[in-house]
Amino acid sequence: MTPRQADTDVAVELRGITKRFPGTLANDAVDLTVRRGEIHALMGENGAGKSTLMSVLYGMERPDSGSIRIDGREVTFGGPGDALAAGLGMVHQSFKLFDSLTVAENVVFAAEPRRFGLVDRAAARRRVRELTEEHGLAVDPDARVGDLSVGLRQRVEILKLLHRGARTLILDEPTAVLTPAEADALFAVLKSLAGQGRTVILVTHKLREVLEGSDRVTVLRDGRVVARLRTADTSADEIAAAMTGRAVELDRIHAPGTPGDVVLDVAGLAGDAVHDVDLTVRAGEIVGIAGVAGNGQSELIEALAGLRPVRGGRVRLKGEDITHASATERRARGLAYVPEDRHAVGTAPAATVADNLAMGHHRTALATRRGLLPPTAVRAHAARLIERFGIKASTPQVPASALSGGNLQKLLIGRELAHEAPLLLVEQPTRGVDIGAIQNIHDQLIAYRDAGHAVLLVSAELSEIRGLADRVLVMYEGRITAAYPKGEADERTLGLAMAGAAVPVEAGE
Amino acid sequence: AAKNDASSSGTKSGGTSFTLVTPDGVGQNEFLKLAVNGVKAAAKAHNGTQKVYESTDTASQQQNVQAAVDAKPDVIVLVGFEFADIVAQQAQKNPKQQFLIVDACTTKTFKNVSCAVFREHEGVYLAGAEAGLLSKSGKVGAVDVLDTPQFRRYSDPFAAGAKKVAPKTQTATRFVGGQSPFDDSARAKEQANTLLSNGTDEIMAAAAAGNYGVFEAAKAKGAFAYGVDVNQCPSSPGTVVDNVIKRTDVAVQKGIDAVLGGKAGTTVSYGLKEGGISLTGLESGVDSSQCVIAKHKDVLTKVEALRDQIVSGELTVDDPAAS
Amino acid sequence: MNRITGALRSPVVFSVLAGVVIGALFLLGTGADPVTAYGAVLTGSLGTDGIGSTLSTGTSVLGLALALAIPLRAGLINLGGDGQMVLGGMAAAVTGLYVPLPAPLATVAAVLAGMAAGAGYAALAALCENHLGVPLLVSSLLLSYPAVSFASYLARYPLKEPGSSLPQTRQLPEGVALPAFGDSTVTAGLVLVALAAAAYWFADRRTAIGYEIRMTGLNARFSAYAGVERRGLTLRLLAVSGALAGLVGAVGVLSFPYRFLDGALTAPGYTWTGLTAALLAGAAPVGTVVASFFFAVLQVGGLSMERTTEVPRELTQVLQAVVIVFLAARLRFPARWFNRQKEAV
Amino acid sequence: MFFDSDLLMSALRALTPILLAALGGALCERAGVFNIGLEGMMLLGCFTSVATSWFTGSPWLGVLAAALASAAYSLVLAVGAVTLRGDAVVLGIAMNLLAVGLTSFLLRTVFGVQGTFDDPTLAGLPLVGGFSPLAYLAWAAVAAAAVLLSRHVWGLRLRGVGEAPDAAATLGVSPARYQYGAVLVSGVLCGLAGAQLALGNVTLFSENMTAGRGWIAVVAVMLGRAAPLGVLLAALLFGLAEAAGFRLQGLGLPQQATDAAPYVVTLGALFLTTARRRRRTRPTGVAS
């Protein structure tokens, strides 16, 4: 990829940014220069200081020292409002949207077209249509944001910024929750925006999209800049090495396992958004489910975990019928589960690391027969798991919210693996996790399989599915529509199947 | 708040001392204010000191009585039915302590417990007679705080009195109720309104702070109302006809006199005969009272006759609280 | 050093001090002597004459504080304490009056009946949330009023003591009463409530169910994911909560004057005091006990201050409210005051 | 006639102060502040309106003073809950307690009486068509709040702040500003509610005269899902149930039954509406 024409102009310049949190030096004299019209990737492991740096740039955190220049002028931001006024706009990792409001209302929020002080809804709708047409970001202005898929929500986030005339867009891990197709669509939009002379700063963990989509890369480690690279002149290995400080083996395809007895046997399962699903998972086998988000994968897993009602069919775990068993019973009979949303479902961020690690074990391994749960047992259990899974926490008594994204995920996976349950359900195990941690997590899952357990994996990362799964199923509109043994599932085949094979694809979906 | 005014000559030590414990805040009830006056007057008369402990609920009633007992005044005065149980308990434990209960009595008799009770129903009956005589619509009613026997004393005899003089009179009673029945004048006003909209034109108001709401309602419809405890006519001249006066102050003063005079352990009942219960219209200051009844001397004459019958025992009024 | 400044900087210390200072200004403004007034609060509540009242008030406050804290630990707010307490009291009264058992057994039966009535009624609110989708906060509050009215009706009509001027039941038979300590007003009710507090502390710290409750309070979806059954937990917690409220009602009836008197249980507002204590303590067991005791001291001491000083009675309420406002706002001394001190050292 | 115009008038009179306070509560709820201190703010409004009307002779100045005083008082909640992030429920409870103490204290110091201040010369609000002007204002306020919330720029931002404060903050909208605004407006509305009660429904002040109306307003906010029209319907239901309850006393129902009636009716209405909603949207597992 060749650098674009306008890149002599500097859009954003950060000089000597230092930001200290109690006990952490999040940014240490960081310099960052972003040129107009480029897509600039910011990379680094979990906790390297990327989000902090962007928060500083966006006026949400005040730097302890350092200066910010936008379009050559030095600025000091009192809050995001100032940054918006200066032509910056940020799409946060966790979307900042109002679920109960419509798309149009979200887009114009705090920059509303008015008539007599009232929100001019017609004008707002018109504005959204104009923007969607101009940038190819189709979305219904009257839809309630709460009803939209993740990909569409992200479009709303971008529309919000475009409506405000943002010249520089900051996106923090925008593809973490997107399917490959959605991610591709996003990059098409970003490239067209850059083509119009806008600037994009992209925080991400995904090497592939950096290589394909960016012009230059800045790598952070422990709050310091460790590399500034031109994408055209670098490679995945070089970036990975800069991030981790060691050589990393990327996109490994793990050796297949040796399947044994059937552990999970699902026949004709029907429930919320799931129709007539048949599948089996054997001991010593990882079965991967690929699919565009919203095709019933989450609902299927939640139904299997006992968190959604089953309306037809049957589910057997090691031969026992658990179709209508409660979540508790299923766990008791040998099921463990890593959910997709680790903050809202998988952990209690306000609780201590030790308490988070005890969940699910608190009635079995840790409890005495009389229902007592000795605090010493909880602490010892936490110490064991922290050691075994390499979770970085200063003590087991800190709240889980103090862990980085990658460490929180290790906590969650470690806790569920420790059940040694015959069946493990895993959703999006490496979402938002840096490449070093991804490797660690993948190794853990493979080791778990090799110890003779059955694993059902749902992931939006095709490389992850291909690397780990012994068999790949594709889910489309609530049904299993295709199955491939390891090796036959290349990205193209899977992509077609995920799109419903012969079924025509909706524009922009 | 404690009001421990030393009396005029002010020799605290050696002087007699009285403690008055009220069941509720004094502010809410006219007859509690009278009781405070009574104990103050007694302190003056006996060259002593007095304190007032205001309670708000059963817990503070108990704490206040306990504190009063601990302080060992010459007489502890308690106003209200609520104290019957506590006094019975304390009187047994502290045989040397003198108690005076106003408005109620212990079921068992104690040598150190004197009682002063009122026959409000006699006065209310007379007010009812006035209403019966004055009513144009032939409908009279009452608004009480709550449906309890103690408040029924202000409504049932009112109806009986009206029927005595005008047998065809229709009667009705409403209760304020709600979350804060003693303070809710707006609710009392609405209750009065429901009576007024039925054509009632004479209303007995026994609604504590709600009385003012009843007066307002009556005034707006050109109807008439009857107050309680003290002369409430000045708060709504031209609307309030008369008041059932309850001389709590007299009962407190006389009760203390009796105890100090060595006549403890007795129960005195105050009614029309004893002058403990009366109507403003039957007192000497009626012409300057701003009460409507002052303009109806003919009615007063008939009511006086009834009063004399009750005093002489010729006529007895049923006490709703005695059932 | 660090520990001391930490304690001094804690919001609790600041709020109490700030409440005391503002109260003192108020007192000075009305011409009272703050030292005497505060002395009266302390001696009146903790002195030999007052401690009994403080403990018996504390029994009710703590009982209701626990009743509210236990579901609150799981994020559930039960605003129906009044109704549950009153039904508990009424059930205890009926049992005490009519159950044909020897007095000690009748007392036990009355306590159990009170707890059962409270538990059942609170469970009804839980069922409204579980099966009818009415939020617990609303259902428990709305259910409370009819319960209070119903008990009032019973005390006024079918169960009224004949000849009494008050809406009250007959006195319980001789001996059907909680044993009292000496001639104080403190009864075995205090022991029962203290046991409940200890049990709560133990369950919270050292049992699996306590752990599940805490985690549900911190993230309900997390605990549901791990297999904690939300509806069952709601039902059980509300039943326990109602049982405690019912216990307070039963203790009220089985203590002097040994009868159900309409309004006597609710008038002192223990439910709100208890809720305030539980919220301020974040439903933590020890904190709830401390906060309850503090409020009991404030209430009993305030009344005593009113008796012994010139302070107008309304100020007592003002003082309490000011302290609570400061506690709720979690004010603390700014850190830099202490940092400066540290630098000086 | 049981359902006659008197019944409706009675219901509407009972409704006005509750409605004003509940609208304030609804705005706070929408802005994400749980305001349980309506009762106290209203009581302060009662006192201020009576005191001002008495000393100036003008009930209108009384209304104005009540609005200002309650707004100032509402700052306790704003500062405590928004700026200092204290517990709004506890603050509200304390504010209710404080208002009772403070107004009783002022009653004694300003008027030298205890319990009730009532004087035939105290000027109340004039009646227009049987209602005080504030009653009409209350109806207008429902419409205004409905338009404000659904159509006005401020309303949009207020809803946004209540739903996702951090999302609003990233767009340069200060949640605290809007929350302060909502709390202050609720103070003004509660002040008006108090003035309506003390100079409209009756013309006097007595200790604790709000007598739980602020709590009913809180219930109306919950029941009406903090939407102005919903709150209006809830308050209307309550007012009708209460007025009908008064009538039922006339038919011989015990006072306890009529006391409970509004709550039972409310609960019943709640069951019916949630049952309908539940049939439309089914809750789902963890996602609910």
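Which chain is which? They are A, B, C and D, in the order written, and residues in each are numbered from 1.
In the analysis below, a contact is a pair of C-beta atoms (placed from the backbone, for glycine too) under 8 Å apart; a residue touches a chain by one contact, two chains touch by 3 or more.
Everything quoted here is computed from the prediction, not taken from an experiment.
Counted as hops between touching chains, the shortest connection from subunit A to subunit B is 2.
Across the two interfaces under comparison, B-D and A-D, the one joined by more C-beta contacts turns out to be B-D. When chain centres are defined as mean Cα coordinates, A lies farthest from subunit D. Distance between subunit B and subunit D, defined via averaged C-alpha coordinates, is recorded as 35 Å. Centre to centre, using the average C-alpha position, subunit A and subunit D are separated by 45 Å.
If you average the Cα atoms of subunit C and of subunit D, the two centres end up 27 Å apart.
Taking each chain's centre as the average of its CA atoms, subunit A and subunit C sit 46 Å apart. Those residues of subunit C in touch with two or more other chains are numbered 156, 221, 224-225, 312.
Residue positions of subunit D touching 2 or more other chains: 104, 108, 254, 256, 259, 285-286.
Touching two or more other chains at once are residues 307, 339, 345 of subunit A. You'll find the chains touch as A-C, A-D, B-C, B-D, C-D. Here subunit A touches subunit D in the complex through residues 58, 60, 79-82, 84-85, 90, 92, 95-101, 105, 109-112, 114, 117-119, 121, 160, 272, 302, 307-309, 339, 345, going by the rule given at the top. Against subunit A, the residues of subunit C that register as touching in their complex are 205-212, 214-215, 218-219, 221-229.
Across the complex, subunit B meets subunit D through its residues 25-29, 33, 146-147, 172, 174-175, 177-181, 183-187, 189-191, 193-194, 197-198, 209, 212-213, 216, 234-237.
Every residue of subunit D that touches subunit A in the complex is listed here, in rising order: 147, 151-153, 156-157, 159-160, 163-164, 166-174, 284-287. The part of subunit C that touches subunit D in the complex is made up of residues 77, 128, 132-135, 137-139, 141-143, 145-146, 149-150, 152-153, 156-157, 221, 224-225, 272, 275-276, 279-280, 312, 314-318, 320-322, 324-325, 327-331.
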